[in-house]
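Report on one structure; see the data block that follows.
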Amino acid sequence: MIIRQRENWFKMLFVWKGSVLPAILPRLGLLLLISVGVVFVQGRLFEYKIPLNPAAFTLLGVALAIFLGFRNNASYERFWEGRKLWGALLIDTRSLTRQALTMTGLPADSPEVLSFVRLLIAFTYALKHQLRRTDPSEDFQRLLSPELVHQLAKARFKPILLLREMGTWVQTGKEAGRIDSITQAAIDHNLNQLSNIVGGCERIASTPIPYTYNVLLHRTVYLYCFLLPFGLVDSIGWMTPLMVVFVGYTFMALESIVTEIEEPFGTEPNDLALNAISQTIEASLLEMAGQEVPKALKPKKKFILD
Amino acid sequence: MIIRQRENWFKMLFVWKGSVLPAILPRLGLLLLISVGVVFVQGRLFEYKIPLNPAAFTLLGVALAIFLGFRNNASYERFWEGRKLWGALLIDTRSLTRQALTMTGLPADSPEVLSFVRLLIAFTYALKHQLRRTDPSEDFQRLLSPELVHQLAKARFKPILLLREMGTWVQTGKEAGRIDSITQAAIDHNLNQLSNIVGGCERIASTPIPYTYNVLLHRTVYLYCFLLPFGLVDSIGWMTPLMVVFVGYTFMALESIVTEIEEPFGTEPNDLALNAISQTIEASLLEMAGQEVPKALKPKKKFILD
Amino acid sequence: MIIRQRENWFKMLFVWKGSVLPAILPRLGLLLLISVGVVFVQGRLFEYKIPLNPAAFTLLGVALAIFLGFRNNASYERFWEGRKLWGALLIDTRSLTRQALTMTGLPADSPEVLSFVRLLIAFTYALKHQLRRTDPSEDFQRLLSPELVHQLAKARFKPILLLREMGTWVQTGKEAGRIDSITQAAIDHNLNQLSNIVGGCERIASTPIPYTYNVLLHRTVYLYCFLLPFGLVDSIGWMTPLMVVFVGYTFMALESIVTEIEEPFGTEPNDLALNAISQTIEASLLEMAGQEVPKALKPKKKFILD
Amino acid sequence: MIIRQRENWFKMLFVWKGSVLPAILPRLGLLLLISVGVVFVQGRLFEYKIPLNPAAFTLLGVALAIFLGFRNNASYERFWEGRKLWGALLIDTRSLTRQALTMTGLPADSPEVLSFVRLLIAFTYALKHQLRRTDPSEDFQRLLSPELVHQLAKARFKPILLLREMGTWVQTGKEAGRIDSITQAAIDHNLNQLSNIVGGCERIASTPIPYTYNVLLHRTVYLYCFLLPFGLVDSIGWMTPLMVVFVGYTFMALESIVTEIEEPFGTEPNDLALNAISQTIEASLLEMAGQEVPKALKPKKKFILD
Amino acid sequence: MIIRQRENWFKMLFVWKGSVLPAILPRLGLLLLISVGVVFVQGRLFEYKIPLNPAAFTLLGVALAIFLGFRNNASYERFWEGRKLWGALLIDTRSLTRQALTMTGLPADSPEVLSFVRLLIAFTYALKHQLRRTDPSEDFQRLLSPELVHQLAKARFKPILLLREMGTWVQTGKEAGRIDSITQAAIDHNLNQLSNIVGGCERIASTPIPYTYNVLLHRTVYLYCFLLPFGLVDSIGWMTPLMVVFVGYTFMALESIVTEIEEPFGTEPNDLALNAISQTIEASLLEMAGQEVPKALKPKKKFILD
């Protein structure tokens, strides 16, 4: 956000909310305990001195850098692709509304145009509910005709059936002689785009990063962290707990963030604001169609999407 | 998957299924044996002390990082591009079904529309069978007319012939006066997309990452791992086997994963779920066409693609 | 810029303007003070010697490289995508002007064409003002009819309503028999592009890089820098302040740059020159339409965009 | 290839064919000789001891990683883009064949359709011969009319003239009343794609990675390798030759691979299989057109592209 | 270039032309002098020993790797995008020529077609001259009518006005009844592509990589290099000058290359061959239009673009 106030560099060090620190605190605590114990026994386990040093850990840096770097980039790309798809949804529903308003030969305030706009809004909510596995019936009831609500209730791929409805709406206009084949093709082009969006979201939701990667990264990070106290204790003594927890924090926090954002359609703090985007789409389409925008859809003062 | 239960960080350390550990265990065992032997003889081979140290291995880190990083990224891109192509298949077959239902002047429940939908489903299975080199005749027999099945049996590029059949189907509609040139062009645009998908899959399947890369990476990893015990034994003594096996595990496991996913159309654990996607396409197209969806196509409770 | 004079390599070391040095100077000063203090007490805090060495900091290099590298790339991509969107705005408004001049059957100097060109210019300024949250009414008043200015004043998504106006303008031409469906579809294609640009800019403006990343990077960088004097003092003595400030400068300056460019639509020194681009668009469209270009829009000698 | 047999990890260490080892063996031999010499004189040159150690070489790691990583990625992208362009050639020639068969109002087995298909096949071979600077006349003679062969013989941009012929073929159909403007535009869209492919291949073939990069990388790698023995001899003694040759092998082999694949249209072992792809295109188009596919075009058992 | 002779690996070490060595030689000389001086005084400045060692420089490696890696990638992307845009220019002007020859109902050798082809060639040169800020009037005079030359002389955005002329040319054909709306739309699609190319080139030319990055990288590299002798002198003695100059060469040479290629439209050795590409476009379009290609446009034996 452009006008988001820059945070003071000092205060930012102690941010609690919006940090993943709370989630990984227990593990860091355990790591701290172990480090303190290792310092206490001077790196000995029973009688045996564990002979480790930092050089051995440096060799593991290559693997760690590749695993963490890859998983971070792949996860962020999934997050950003999800955001792009929902941005495209805003774009395409607006384009379709503009086409319905100016290319179908219908007056801008006719009920037919409004019913098409409602199909677009219902499509948006249907996609949101499918991705979050929540119940869309409430949104459907306020936007669609009872028959259509009934028909959708049994369907598995609800947004796709709404797309078919839009196709039928255009065909009705064509049969009534208001829309010719060329305009139909232009609208159909944008319906194809909506189909792309549904398919793109389904792809992200249904195909995670291969699980094997996660296991491999996870094991490497944790084994590395829990062996590290033995590697540092000889050279940095009682500073070992501090440095081990510092290193552990960077790795565990990164793993924690990417696990959140690699499934961008969920409801965790760093996931996409699907609710806010859906409401923005509804507000924008209603405004275009000259409708009153319900107050609930107006952005709060600090609302992130405008 | 959004509702996939997050795993406990501790349990995840001991995952067996879905890890590549079983596949590389023999090699790791060998590496362990050698390391133990090296510790036992204190890094001597016969009379000679092997004078290696960690610094020499650090110099190899640059090459290792480039080889592993490159191969990992290139392989994952192949995997993800394969997934995108199959996602596009779902998208485009749905778009074509919508066009057949709403733009061809045919009633939605006419047998002509259904026969077109069946061509699309058969196309999906034909592509799957071509990529996996399996026999498509069973799927063809339940979906296509006997003459077409017979004609396809002799063909080398089966999905392409099915695309031609779709083109002919549209042309028949045009000759019957139901479809005009504009609608034909709009449908043809989506047939071009299907052609893109076939070509894209064939490209991935027929052009692996140049084999020379694999040889170079493979040699570097294994030579590095089997020399490493001599480099560590002087500084970390009897911890050498643990650290060597740890380092070896990270490198060998990564090589093992990327070898699986760089050929994404196979049937190994981390390959794409082409069966599940094909069934989803069939279910979705039948639902759009108002057909009964066979029970076998309904997703199991833990089915990954929805 | 091609003719930008290359700077002498020596002078470039002492550049002040256009560097982020001023912004981070206080922090670097603090870091310098602490370093000098650490050297003075020889790395002791009260009675205790802080036992740190460079090796411990090398282990943190992996995390630092990933965090800084990722944030830098992601921010620059946002910056460059924002620039691409505004470049596309220049491209598409020119294409629409060309279409209005040569495909609508209107003479090139007719008031209708000029009013369309003004809609395009107003659209450009509307987007700029929305992204910077400034008041567009002055620009609207010099470009649009009073009724339209009034209508836009209440609207939340102003550029979108201007797009609808353009659609209506085309439809008017169609109803007057000057434009057929095909030309309408060709113009509509470019209106879709404008819709893409609005949506793309909104996406960048409303969805920052997840805040958690920034916190994680910020903490790692600062904790690293402020611990570093203790790690270096034993080996490089009174050179510690120099090296610590040098390292701190590279990290803090990078963090400072990326924080500027990741919100590319702002008004900080490294943000995009939206004013200059808007004026270039206005000048280019007026020139195409054969209009006199106001002197204020002509580039100054060192104007960056030509 | 999916069914490509996975190689045993142990055997793969000793692969000879398909490795770049033969090409760089002389240089590695020279490096071995020098290393042995350095060990023999204990790092002395005449009377002077060369005082180098591994730490100095670690500092060069950053530059080496950037140079090698960049050149490798840029070269592989060129290789893969070349492959994508030839994949697109397969896709677009198939799409054009489908259009000729089903949208031009000609019976599928008419000589006009076949002559168009032959233009497409000739286009494929013309592009291959242009990229490899070989003589296309033999392929032209078996596919095209004598006049066209004669006309092409003098031309510099042969594939482009064949594209113009295809445009003329379509125009002839339009003048005969079999093709309307819309179908012409749909075919023209695919002809544009073929134009893209020619231009894309010419771009890769005519603009190598700036030569200065290669010189810089080359010098850095070789100077590094030939200085390395002096840096290692003090710490690892008679193991120096082994480690130096190992490090040298990784760098020189990588440079050797990328030099091959950055010009993907050549005829070196790792270049693209343009012959095989051309034959696949010919076979696929003939099959679509219902023609007998010559036996020579059928894939051998281990043929890579299917 | 495919047939470019591979250079012998040994000779390539001593390449002078096409290397950036000459440009940075003075700086490297200065660095050499300083290093020799540091060795001479054994790292002392007046009475004080400068206590630096390689470990402190290793910590700077992270920042250096990020700065150099980023700037190199971003610059090369600009270079390659510029090349892609000029490749697209070749592609689109050819496509438009094909359309003018086969879709406008004009005989291939009519003066109208030739005048359109000349507009395309003039457009190419106009873009080249705009990007290099050179005078296009000579090229305009041999290609365009005197009135148009006069009209363009006063214009600021010359290629854009030529695009408008092309639009007018098509409209003239439509008014004469030779071109229908559909063909007009197909040609208009390619005119949009030309508009994209102009806008893309202007974007690269007018928006450099933020200057702050360059300052930051420049300072880091030079401070690093000039401090390095003090860090190495204790451990490698009189080899210090060699290693310092080697390290300095890699960093300074890279900075020098990227500064050249990040402005790809200039006339430095590694910039794009805009003259050669423009001449290739002219030759290719004239050949397509059946015109005699002037001898000056024929490629010399070693001409890079074919």
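Letters A, B, C, D and E name the chains as they come in the text, with residue numbers starting at 1 for each one.
As a convention for this text, a residue touches a chain if its C-beta (ideal position, glycine included) is under 8 Å from a C-beta of that chain, and two chains touch if they have at least 3 such contacts.
This is a predicted model, so every value here is computed, not measured.
Shared contacts of subunit A and subunit E, meaning chains that touch the two of them, come down to C.
The centroid of the Cα atoms in subunit A and the matching centroid in subunit D are 38 Å apart. One simple way to say how far apart two chains are is to compare their mean CA positions; for subunit D and subunit E this gives 23 Å. For subunit A, residues touching at least two other chains, in rising order: 55, 58, 61, 65, 69, 182, 185.
The sequence of chains round the contact ring, opened at subunit D and continued through subunit E, runs D, E, C, A, B. The touching residues of subunit A, when paired with subunit B in their complex, are 27, 50-53, 55-56, 58-63, 65-67, 69-70, 74, 130-133, 155-157, 160-161, 163-164, 167-168, 170-171, 181-182, 184-185, 188-189, 191-192, 195-196, 198-200, 202-203, 205-208, 210-216, 218-220, 222-223, 259, 263, 265-266.
Per the touch definition, subunit A reaches subunit C in the complex via residues 1-4, 6, 9, 12-13, 15, 18-20, 54-55, 57-58, 61, 64-65, 68-69, 72-73, 76, 79, 83-84, 87-88, 90-92, 94-95, 98-99, 101-103, 180, 182-183, 185-186, 190, 228, 232, 235-239, 243, 246-247, 250-251, 253-254, 257, 261, 269-270, 272-273, 283-284, 287-288, 293, 298, 304-306.
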